[in-house]
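Order of writing sets the labels: A, B, C and D. Residues in every chain begin at 1.
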Amino acid sequence: MIVNMSEGATEEQIQHVIERIKECGFQAHVIRGVERTIIGAVGNQGRRGELEALQAAPGVAALVPISQPFKLVGRELRKDRTVVDVGGVKIGGEHYVVIAGPCSVETRSQILEAARGVRRAGAHLLRGGAYKPRTSPYDFQGLGVEALEFLREAREETGLPIVTEVMSTEDVSLVSEYADMLQVGARNMQNFPLLRRLAKAERPVLLKRGPSATVKEWLLAAEYLLSGGNTNVVLCERGIKGFDPELRNTFDLAAIALAKEYTHLPIIADPSHGTGRRSVIAAMSRAAIAAGADGLMVEVHPCPERALSDGQQSLDLPTFTKLMEEMDQPARTPATVNA
Amino acid sequence: MIVNMSEGATEEQIQHVIERIKECGFQAHVIRGVERTIIGAVGNQGRRGELEALQAAPGVAALVPISQPFKLVGRELRKDRTVVDVGGVKIGGEHYVVIAGPCSVETRSQILEAARGVRRAGAHLLRGGAYKPRTSPYDFQGLGVEALEFLREAREETGLPIVTEVMSTEDVSLVSEYADMLQVGARNMQNFPLLRRLAKAERPVLLKRGPSATVKEWLLAAEYLLSGGNTNVVLCERGIKGFDPELRNTFDLAAIALAKEYTHLPIIADPSHGTGRRSVIAAMSRAAIAAGADGLMVEVHPCPERALSDGQQSLDLPTFTKLMEEMDQPARTPATVNA
Amino acid sequence: MIVNMSEGATEEQIQHVIERIKECGFQAHVIRGVERTIIGAVGNQGRRGELEALQAAPGVAALVPISQPFKLVGRELRKDRTVVDVGGVKIGGEHYVVIAGPCSVETRSQILEAARGVRRAGAHLLRGGAYKPRTSPYDFQGLGVEALEFLREAREETGLPIVTEVMSTEDVSLVSEYADMLQVGARNMQNFPLLRRLAKAERPVLLKRGPSATVKEWLLAAEYLLSGGNTNVVLCERGIKGFDPELRNTFDLAAIALAKEYTHLPIIADPSHGTGRRSVIAAMSRAAIAAGADGLMVEVHPCPERALSDGQQSLDLPTFTKLMEEMDQPARTPATVNA
Amino acid sequence: MIVNMSEGATEEQIQHVIERIKECGFQAHVIRGVERTIIGAVGNQGRRGELEALQAAPGVAALVPISQPFKLVGRELRKDRTVVDVGGVKIGGEHYVVIAGPCSVETRSQILEAARGVRRAGAHLLRGGAYKPRTSPYDFQGLGVEALEFLREAREETGLPIVTEVMSTEDVSLVSEYADMLQVGARNMQNFPLLRRLAKAERPVLLKRGPSATVKEWLLAAEYLLSGGNTNVVLCERGIKGFDPELRNTFDLAAIALAKEYTHLPIIADPSHGTGRRSVIAAMSRAAIAAGADGLMVEVHPCPERALSDGQQSLDLPTFTKLMEEMDQPARTPATVNA
């Protein structure tokens, strides 16, 4: 941590900061510049949290953190990349995986039809919401345990492991009985009681990025899971809040490339929520893999225009099948150089 | 709801949309323009949620909502403004109120000192966190029930009603025994299980705006509380995520003015989180009241530079006392007109 | 400037950075921490611009600027606040001023009616666009020199000094003949040839903040004017791009409070563009003054629903008159403390 | 255009809006709903600009545009995609192109070395700034005409056509003598006098997206060029302002996919400005092509750590060469399905 003193800071204020740094367990290194003094707090035995309050000390202009705030998710401590096994499917390895299925489980036939269809098209895991976080209390809130039963049946028939969202600490045990992977939705990325409970769950966790979370905040949310004991964590970029109302979110693919520098955890991308617009999902799926994503999560519905949620961003089965076929077609080749 | 058909939409696609509108319980009104056709879905018996999936129907360019999605929080149903009574203090009435206190309850003496100080300066309610949502798992997470005991003691001594955050459904009963008002933090604004539980709580709720929530999303979160049975809800603007790293958030005062047009609920403002910078809190407190806020929530700590959280944005007691004294000093007067 | 070396930086890389710092004219101070080394570049004779490229040197994790990048606009060099005289009206002094008038000058009678009306209501300066920056080439682009003639007539009749936008270096001389203050629109905040030309103009400049400009970028744009020779500069906050489509912009009043800490220049606020919504302009005008603004710029049109631009955010004359009357009514008083 | 009346709108207000719609040259279609009335303005002979002011008419809640505001850039009028020829290199055709070179032309040897290097690596066009828009007046502002001479020499030696920025109407003729393509920088996207001048230039234009421009605003800026007579326009996505300070901008690849639905113009991507971070440029280059970009613009400098601008985001020649070699390596293949 660097303490940047203000230009008019007095010697007394500088000494006060030096003492506080020592009190918090760090060493203080002072650089006296022409215009202002800066003080480095060095050490790894200190209490960083307390140091931050120095921003409120007299004569302090700003604090500048130097080291990363996360530990277990970082690549310093663990050099090789984590591979997460979800019911036999490996996420984070040499190949990318595709999680597909409807936003919500609506009926038995809907989820079975979806499961068969995405299986046939080549998907590796099945998604489907039993408990749905909905902006309005008047919207469909999910079928709950009935949906979990249908998902289990879909897995039995298709062999696809199940990924489904858990919204509440109270549901973790129940959902774990049915699901192969527990999803934390974007709105719950910083629901810390839920993260602490999932750190003790026996299932891998898919942690979506919150719509206004920085990459560091996202990794610190994952740190709750790892520090609590669950190392089977996959991150998912699903778009951040943006200013252009034409797309539901701004799909932040560079955050995937950046986060992969910082963490050993696998990262997948959700172009359905990331854009909210069916017509661009194929292009953005290819772009996400090119950006380094370890997989995709795509919303697929047998009849999007009758979906009880997210119809506008769901692919129908023929479109999803076409997407899977074209995922690996060679990209456009470069123009020959003007010789 | 208006369905905006794409330019090339066929007659068959138009008819299909008309039929779906009727199936969902609405009447369809068609306007055939020169370039494109639009179809209005009219009625109040229909299922709006299902209608939204029409965005996925062939030939549909976009759906445009016409009416507001919220009901009970809106001013159409309730013309007069709600006044919420918190332990005898009225929020939303003729006068504004000030909630003050430290971010976290750290020790018995810290919270008692803070309570006495803010009481003396003229605050109406005491804030203090017992359960703290912290970005990093390595930061101070709150004292829990011990903090609640200290808060109770502070109330007994000062008479100030207590506002404190509840993060988990499991804590609602316990916290309700101690607190006069239950706060939902910004990161939990769309924690729907928590909102559903608080809708059944016997305490008023302070609902903070999420950092990327639109005004409508915020009001729909409040709708969860009202539709579940709790009408004692106060909203709190606390800053949204912005692009300028110099301030912690962008303090969105116009959202208060806008939200007051839409809802009868009281709205207060939190300039401490809204800016994250002590030096601008006094100015932004006055600005918030001028913008129409029904009150303020201000972080005050006896010794900000030793605070275990939010020290950089906490006022010390002398500064808070000065703020309270100067809140109602006449604003600058206008220049005389150049005659 | 602090150079934060990456954890794995070699001694050779550290030495290389030290040498480059010296080459650029600074002294290098090294702090060797447990995990990483940081190097402070100290001095005021160095070439800061060249130093920034060190971010590309091997072993460098990040560069952290310590001192502010602006000089002449800053309060270090000039402690007392600048007061700008615009045709006899002082901006930045003890009292606030109000600039009012239509977005565009549309006809002679429209601008004269507007000028008389805002004068009567108590405005201090008249605004009106002769050259209009419009998002679409098919929208009204302003009357040009004809509008300038009408503005001159309006000044002669009402005595109100004229503020009008200049979009092009080529128009500066001409517009200076008619106007008392030259406005740089938000979209031109970083039009550097225009700023360089205005630095040589004989009129004060009103510099609007760009919709995605940080406070530092805004102040650096003003630095172009001051360093080029024009010290009569007034800044204007007019809203930044935000994610909620309900308001045209996010009106960033805390930026005014922050910018006033950094600069001695006067700052006014434009609630018309800042919100884009007539119904909240009165509240946000009072809030802006409470936040510390030195004045307001308000769009007023004799008949907003027939305005050729910005009708939705223009006040009619009776509403503007009411705003002016109520600007200084006492804000709501605080509740009495629960005794 | 749809006029959405407020719930309490009177019959008189409704009639007034109907009359205004007719006055503006449109037909009015009224839909009377249960809660509110909406009025469609239909026709293509009307004056849309004037209609927008109806937002200010009494009883009007909101205006909702139905048709796109742009014309010549749109795909309705021109179904096949535009291919722009820049000195013999085709942008927008079957293959993608790469524009590479330093941010600024700094010396003769620097630009010649860069030109040779990027040519050898397979780039199709050379970039290099002669006139530089810089946030601070104290930063390197470009060599001007001397740089243009060096660029000409580089083209003569390597055969690479030249792309360089023009910042001012006054420079258009001169720069056109040297450059094969004129770049409009992001900060000038809505510099309308410059756009109008470039509409008459004899060179193709590269129009960068402004950091806070919506896709529609970007296309309307291009509409200035086409409607003024220059149809040789290439768009360039270069990142929008975002909230995470770790990357310079948020690289918005979905905007490319969306814009390609709306316009027939070619679109390229600039991962250097789009991210501001060398380490992610290769991944984001591949992602941009996968998202549908017609080409790339990449900053390359012989010695990034000594660059006078943008060193932190410039690739050195070996890294750029590697990027070019790996652009078309097969993406990761999908995992085999769990059978």
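We adopt the following convention: contacts are C-beta pairs under 8 Å (C-beta built on N, C-alpha and C of every residue); 3 or more make two chains touch, one makes a residue touch a chain.
Note that the structure is a prediction, hence the values are computed from the model and not measured.
Set against the Cα centre of chain A, the chain with the most distant centre is C.
Counting the residue numbers used at the interface between chain A and chain B, over half appear in both copies, so the two copies meet with largely the same residues. The chain pair with more C-beta contacts between its two chains, of C-D and A-D, is A-D.
Once the centre of each chain is set as its mean CA position, chain A and chain D turn out to be 29 Å apart. Centre-to-centre separation between chain C and chain D, using Cα means, comes to 25 Å.
Contact of a single residue of chain A with at least two other chains is seen at positions 212, 240-243, 245.
The touching residues of chain C, counted against chain D in their complex, run 20, 48-50, 52-57, 63, 69-71, 133-140, 167-170, 187-188, 190-193, 210-212, 217, 220, 223-224, 227-228, 240-241, 278, 304-309, 311-312, 314. Partner chain D is touched in their complex by these residues of chain B: 2, 4, 7, 29, 31-36, 38, 40, 42-44, 64, 66-67, 76, 241-243, 245. Across the complex, chain B meets chain C through its residues 87-90, 93-98, 119, 122-124, 159-161, 212, 214-216, 240, 242-247, 250-255, 257-258, 261, 274-275, 277, 279-280, 283-284, 286-292, 324, 327-328, 330-339.
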